[in-house]
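For reference, the structure discussed in these notes is given below.
For reference, chains read A, B, C, D and E in written order, and residue numbers begin at 1 within each chain.
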Amino acid sequence: MQSENPTSHAGGRTLPDGEALLSVRNLKKVYRTDAGDIEAVRNLTFDLGRGELVCLVGPSGSGKTTLLKCIAGLLASTEGEVRLDGQVITGPPKKMAVVFQEYGRSLFPWLRVAENVELPLKNAGVPKNERKVLVEQALEAVGLAHVPKSYPWQLSGGMQQRVAIARAVAYQPEVLLMDEPFAAVDAQTRADLEDLIRSVWKKLGVTVLFVTHDIDESIYLGERVIILSSSPTVVQEDIVIDLPAERDQLETRSLPRFTELRHHVYAEIQKAKQGHRPEEAITMVAK
Amino acid sequence: MQSENPTSHAGGRTLPDGEALLSVRNLKKVYRTDAGDIEAVRNLTFDLGRGELVCLVGPSGSGKTTLLKCIAGLLASTEGEVRLDGQVITGPPKKMAVVFQEYGRSLFPWLRVAENVELPLKNAGVPKNERKVLVEQALEAVGLAHVPKSYPWQLSGGMQQRVAIARAVAYQPEVLLMDEPFAAVDAQTRADLEDLIRSVWKKLGVTVLFVTHDIDESIYLGERVIILSSSPTVVQEDIVIDLPAERDQLETRSLPRFTELRHHVYAEIQKAKQGHRPEEAITMVAK
Amino acid sequence: MKTLKSIGYLLGLPLILLAWWWIATSGAANFFVPTPAQLAETFVETWMGERLVTDVLPSVIRLVVGVLAAIVLGIGLGLAVGLNRTMRALTEPVFEFFRALPPPVLVPVLMLLVGINDGMKIAVIISGCIWPVLLNTIEGVRSIDPVQNETSRSYGISGFNRIRYQVLPSATPTIMAGVRQCLSIGLILMVISEMFASSSGLGFTIVQFQRSFAVPEMWSGIVVLGLIGVALSFIFQWCERRVLRWYHGLKEVENAV
Amino acid sequence: LTGCGGGSLSGQAAAETGASGSAGLTKVVVGVLPIAPSVAVKYGVDKGIFKKHGLDVEFTTSSAGAAMLPAVSTGDLNFAVGNPLSVLTAVDKGLDMKIVTGYSNSKAEGDDINGVVVRADSGINTFADLAGKTTTVNALKTQGDLTIKESAAIDGADPAALKFSEMPFPDMEAQLERKNVDAIWAPEPFLSKALANKDNKLVGYPNQKAIPGLPTMVSFTSGKFAQEKPEVVADFKAAMTETLAAAEADQAGAKAMLPDFMKMDATVAKNLKMETWDGAVPATQLDALGQLAAKLAFLSKAPDVAGLTIK
Amino acid sequence: MTQIAEEQVVGGHKAATTRPRQTPKAVLGLIGVLVFLGAWELLPVLGIVNAKYLPPASEVLAALALDLGLTAFWVAVGDTMTAWAIGLAIAVVLALVLGLLIGMSPFLRRFTNSTIEFLRPIPSVALIPLAVLLFGMKIESSLLLIIYACFWQVLIQVLYGVADVDNVAMQTARSYGFSHWQRVRDVVFPTMLPYLMTGIRLAASVALILAITAELLIGSPGLGNEITLAQSGGAIAGMYALILATGFLGVLINVVTRVVEKRVLSWHPSVRGEATP
């Protein structure tokens, strides 16, 4: 099936120098624990162009979160490097927002919902009235306009997750990293949020890297999907999603091409889980 | 559409006295906060027969977690009652296992993976060698046989969630309550776990109440699906899933009846989100 | 009804203990243990007059100044040390060294360095009651949830803002445990500080009573200490409830063990 | 740190390993203060004087009268050697105490064993000049402030105008030098040490001035013990009197025990000026002390010293 | 000591592998101590205090070195540490048990609040007559003072620790039918452990302080008694040497508690990964 699809290739796609906003090069991450070393990520290389919306899928435990944290400058890589705008990332860059997989723990329990969303803006020095508007809009967009005064622990799981999303959206970042941000919300809300992300992406021209487990979601949302192999992780495949730019929950999902892509990704992940590793990646490891 | 489907009806299905294992009667739960009262659940009535596998879906924040906690005896209801085997539940009943939505916080960070799974068995007085077998089997089943010595915080989100599932499965409960247990795992693993739950259910005859956001999953997994309305919550609909008992990820999902049910549930949830409330529920509130 | 209940909680155990004491002392009189009646009488005689202004008040002022300074210093130092691993390694042995020095041997050194004045007494109070605040702050900062730290870092919340909006609130429950310890230790050190180069003060008076075998008076002084302790603690708990409203809400949600 | 953990046993045998197990001896526990004159008790033990009188003495050092008097009253200590004013105060408050023997007295003439020291340039020349000034004593409401007040009164000042504050003896000289206090009341060896400094000068000897030959310590027991075990008390009285006489006669021998007894430097010990050890109860001085203490309101009334003394 | 430093990364990840190797912890600690001793050495030199009253560090260290060769010194250390260990152990066990009992019952928490707050600020020193009355001038008196002072330190920490139990963790335990005791052992205790460790660290030094103060005031044998003797004998350097020894004991005790902590709290964020790089 892979060969049938001209827009996909094993290994991450790289761009010529200067064109990439974010480049990941030979990234390797080994966690050192008392029980021995855990190689979470073996070798990752790919580029993200400015304003791209890329989805990242891969088996559980394949190192998606690890990769995201390396890109966010929260985790030092063992080998290789991540560059943003040509600069090697050593700490969290400015104007980057992250939605963490552990949404519950990422919200500050001592701040109310609106305050949680507001804090990064306040810290960035956004004037008060502007902040107010941004916070209200963001909460409205995720469907939480009615609970600004609640504490995070008074909310349901899905609501907490939406607060984290609202915080990221309100921050108006240039790069948005999201780690399974819709895992805890229902199907309908999820669809709404997918459309929200696409509209934010279009409106603000933000570069998005989006981790998800939902294959349909990755195809519906992304302009490109990167599939990670199972641990020790390399890029299994990098597919361009050649669906129309205007997407609609019902229409797009019923396109034959959508189904085709979906099957392709599904098959790839299954391969990944069974331990298949792309040739290219293996040679990369060797060199 | 609702009328087209003879196996569904608005309001929860009740069974004659003595037949139900678990009965929820006029359950109401109001959270009292300093910012005022929040009515999480308004009025829920339904029954679960012994050995049933029922899925619960509903919009985010509709009170699914609240309901589960009331059933588990962890939360006192404001009005109404929950009975297990005819006994009103006042505290956590024996032989019940819960997989919490906040899987990260539900694992004990001071115990290693295997120890986390083992602890409830140990406390229940299961002999050591038996315990060992159960733990190994459960970890094997969720695909985590290779990390028994890791601490939970050394695992990825999906892996943590699977540890929580393994703990519940190893416990061999009579009633199993699961709150979005597969939210953090990838599609392939999810499919495997779905089949695991069905096989455990068949083998042990355990009664399962399964909260999910994935509509396909609820239909694939359940013998019945209960749809909750949005907050203040009542039972929007209670549908019997008349799919063959032997289910297969590819086959079952491609059945026309599957698609039919899927559309039905989707439409119902959409209605729920838009604030539609079934007649019956409203009259129940009135009386 | 509610106030009645809280009064019951407030006085229940003290009254039981009082009754027990009363029964225990109603038999043979012991020179070193007065009866409740004796104590009550002495208490009024001893403390309700001029002593309140000349001895108790100055002591309490020194205590409050010392404790407040210790809290501020403890939290400030604790943040600096807790947030910085190198600082921690550098300072820990020295802190531990000072922590182990008994105040009675520290006071003479302080008298040499500071002189004999209120400053010295306050320094003694600080030197003793800073430790629980400092240690708890360090531990509180160290045990912050890593996900919270990552959140702050990824949103570029750093420096003062990070301390103000993330580190401090997150460590507050732990810090509060230290502050609570600090209050009673401060009171104890107030007494010790007045054992040196003093001629007035609550602690001085108690020690004086003890030395001159004015036993009921001494016990009444201890009662004064206890009452000040209770008062400080209630003020503290009131503040704590306000500061940690989110925390108590978070923990008490239907969390009966 | 653990380098010399094995410990070369170079230290002398511990001071307190009393001759135990000797048959026929009555065991008594004696509390003493950790100050130089207490060494006489050790002298008596080491020379076997107590044993001769049928007593097996175990002594404990305790720096606080606060602990010593309760211990005597409960019988935890059978005897104690301490400041007579403390005993009178305790009796005044209702504690049942009996004076058994005298112990040490200050010198009635010549250089006394404690004195008031000021800075040479302070302009304080007599006790009267201490009015309005702060003098440190080791403990308030004890013999120090009592005798200084009386001395000032004798010199014509109002005793109420004197101010006192408490401080351990070893810290006093430093505070005087820093001018944190105006005058200090120091016993030997601190007195000699302070006077060795040219910047300090002596104001006078308050004991000598107020009550010449004032007893600095006496030995005492509880009334209960005196009543129950009169023969032990009698033995103790005899042994103590003999001990003190022997120690007084063999000053050099007694002082030689000081470095071992209280870590005192050997040369300091050798040159130490010591109180007069004397087992006779100095009834006149004690009476005077009682009167004076009552006059200055240290006691509620003048005590009946004769009634307190064991004959 | 160096060995401990080598193993600084027990659990969790190393914050930065790309950065140059950090100076070992023990070396940094040593630098801290040296800076302190240097400052002390300078105090008399700069004329801030007279060397007669506060001898320079070098002189005191020399006196300490001399002490280290004496059996009597080690006997005194032994006496002090015996009282310290027994007192601390009893206080910790007592406070732990009572703290768990009180902390887990909202009723007891409220019921005992005023009494605890009344008793806590009573200085151990003021209890000396009572202690002597009850136990005489034996080790029990010192123990009473040590236990009384340490007990509250640990108790308060335990109370706060018990209140910190995570809801979800507790609900998990309840839903799996853990008995009361099992919940205490498996959920409450581990959660409280970091608080308890801080409490023990606080109490350990308070116990040392009180062991010495009790010896100082009651006169039971030990370092405190030696200090009094040195003090009244006018041996200033000797006295500071003993004080220095006390401080070093404190440092030593801390090293031990840190090692214990590293073992029992290896799972906790405070130990497993350095919160801030």
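Heads up, the rule we're going with is that a residue touches a chain if its C-beta (ideal position, glycine included) is under 8 Å from a C-beta of that chain, and two chains touch if they have at least 3 such contacts.
The structure presented is a predicted model; accordingly, all values stated were derived computationally and were not measured.
**Student:** Between chain B and chain D, how many steps is the shortest route if every step has to go to a touching chain?
**Tutor:** 2
**Student:** Taking each chain's centre as the mean of its C-alpha atoms, which one ends up farthest from the centre of chain B?
**Tutor:** The most remote chain is D.
**Student:** Of all chains present, which has the mean Cα position farthest from that of chain A?
**Tutor:** D
**Student:** Pick the pair with more C-beta contacts: B-E or D-E?
**Tutor:** Higher contact count goes to D-E.
**Student:** Report the inter-centroid distance (CA atoms only) between chain A and chain D in whole Å.
**Tutor:** For chain A versus chain D, the centre distance works out to 83 Å.
**Student:** Indicate the whole-number Å distance between the mean C-alpha point of chain C and the mean C-alpha point of chain D.
**Tutor:** Each chain reduced to its C-alpha mean, chain C and chain D end up 37 Å apart.
**Student:** If you average the CA atoms of chain A and of chain B, how many Å lie between those two points?
**Tutor:** Their C-alpha centroids are separated by 28 Å.
**Student:** Listing for chain E: what residues touch at least two other chains?
**Tutor:** As it turns out, chain E has residues touching two or more other chains at 11-12, 49, 53, 128-129, 133, 167, 216, 239, 248, 268.
**Student:** Quick one: which residues in chain D touch 2 or more of the other chains?
**Tutor:** Chain D, residues with two or more chain partners: 66, 70, 168, 170-171, 174.
**Student:** Could you list the positions in chain B whose residues touch two or more of the other chains?
**Tutor:** 33, 74, 102, 105, 154
**Student:** State the interface residues of chain C toward chain D in the complex, per the touch definition above.
**Tutor:** Listed in rising order, the residues of chain C that touch chain D are 31-32, 108, 111-112, 115-116, 195-199, 204, 208, 210-215.
**Student:** For a test of understanding, state which residues of chain D touch chain C in their complex under the given definition.
**Tutor:** Going through chain D, the ones touching chain C are 65-66, 69-70, 73, 86, 89-90, 92-95, 136, 139-142, 163-168, 170-171, 174-175, 178, 180-181.
**Student:** Write out the stretch or stretches of chain B touching chain E in their complex.
**Tutor:** Touching chain E: residues 69, 72-74, 91-98, 100, 102, 105-106, 108-111, 119-120, 123-124, 151, 153-154, 171, 177 of chain B.
**Student:** For a test of understanding, state which residues of chain D touch chain E in their complex under the given definition.
**Tutor:** Against chain E, the touching part of chain D is residues 1, 3-5, 7-12, 14, 16, 31, 34-36, 60-64, 66-67, 70-71, 74, 76-77, 168-171, 173-174, 177, 189-190, 193, 258, 261-265, 268.
**Student:** How about chain E: which of its residues touch chain C in the complex?
**Tutor:** Listed in rising order, the residues of chain E that touch chain C are 22-23, 25, 28-33, 35-36, 48-49, 53-54, 104, 106, 110-115, 117-126, 128-130, 133, 149, 152-153, 156-157, 159-160, 163-165, 167, 170, 180, 183, 188, 194-195, 197-198, 201-202, 205, 208-210, 212-213, 216, 224, 227, 239, 243, 246-251, 253-254, 268-270, 273-276.
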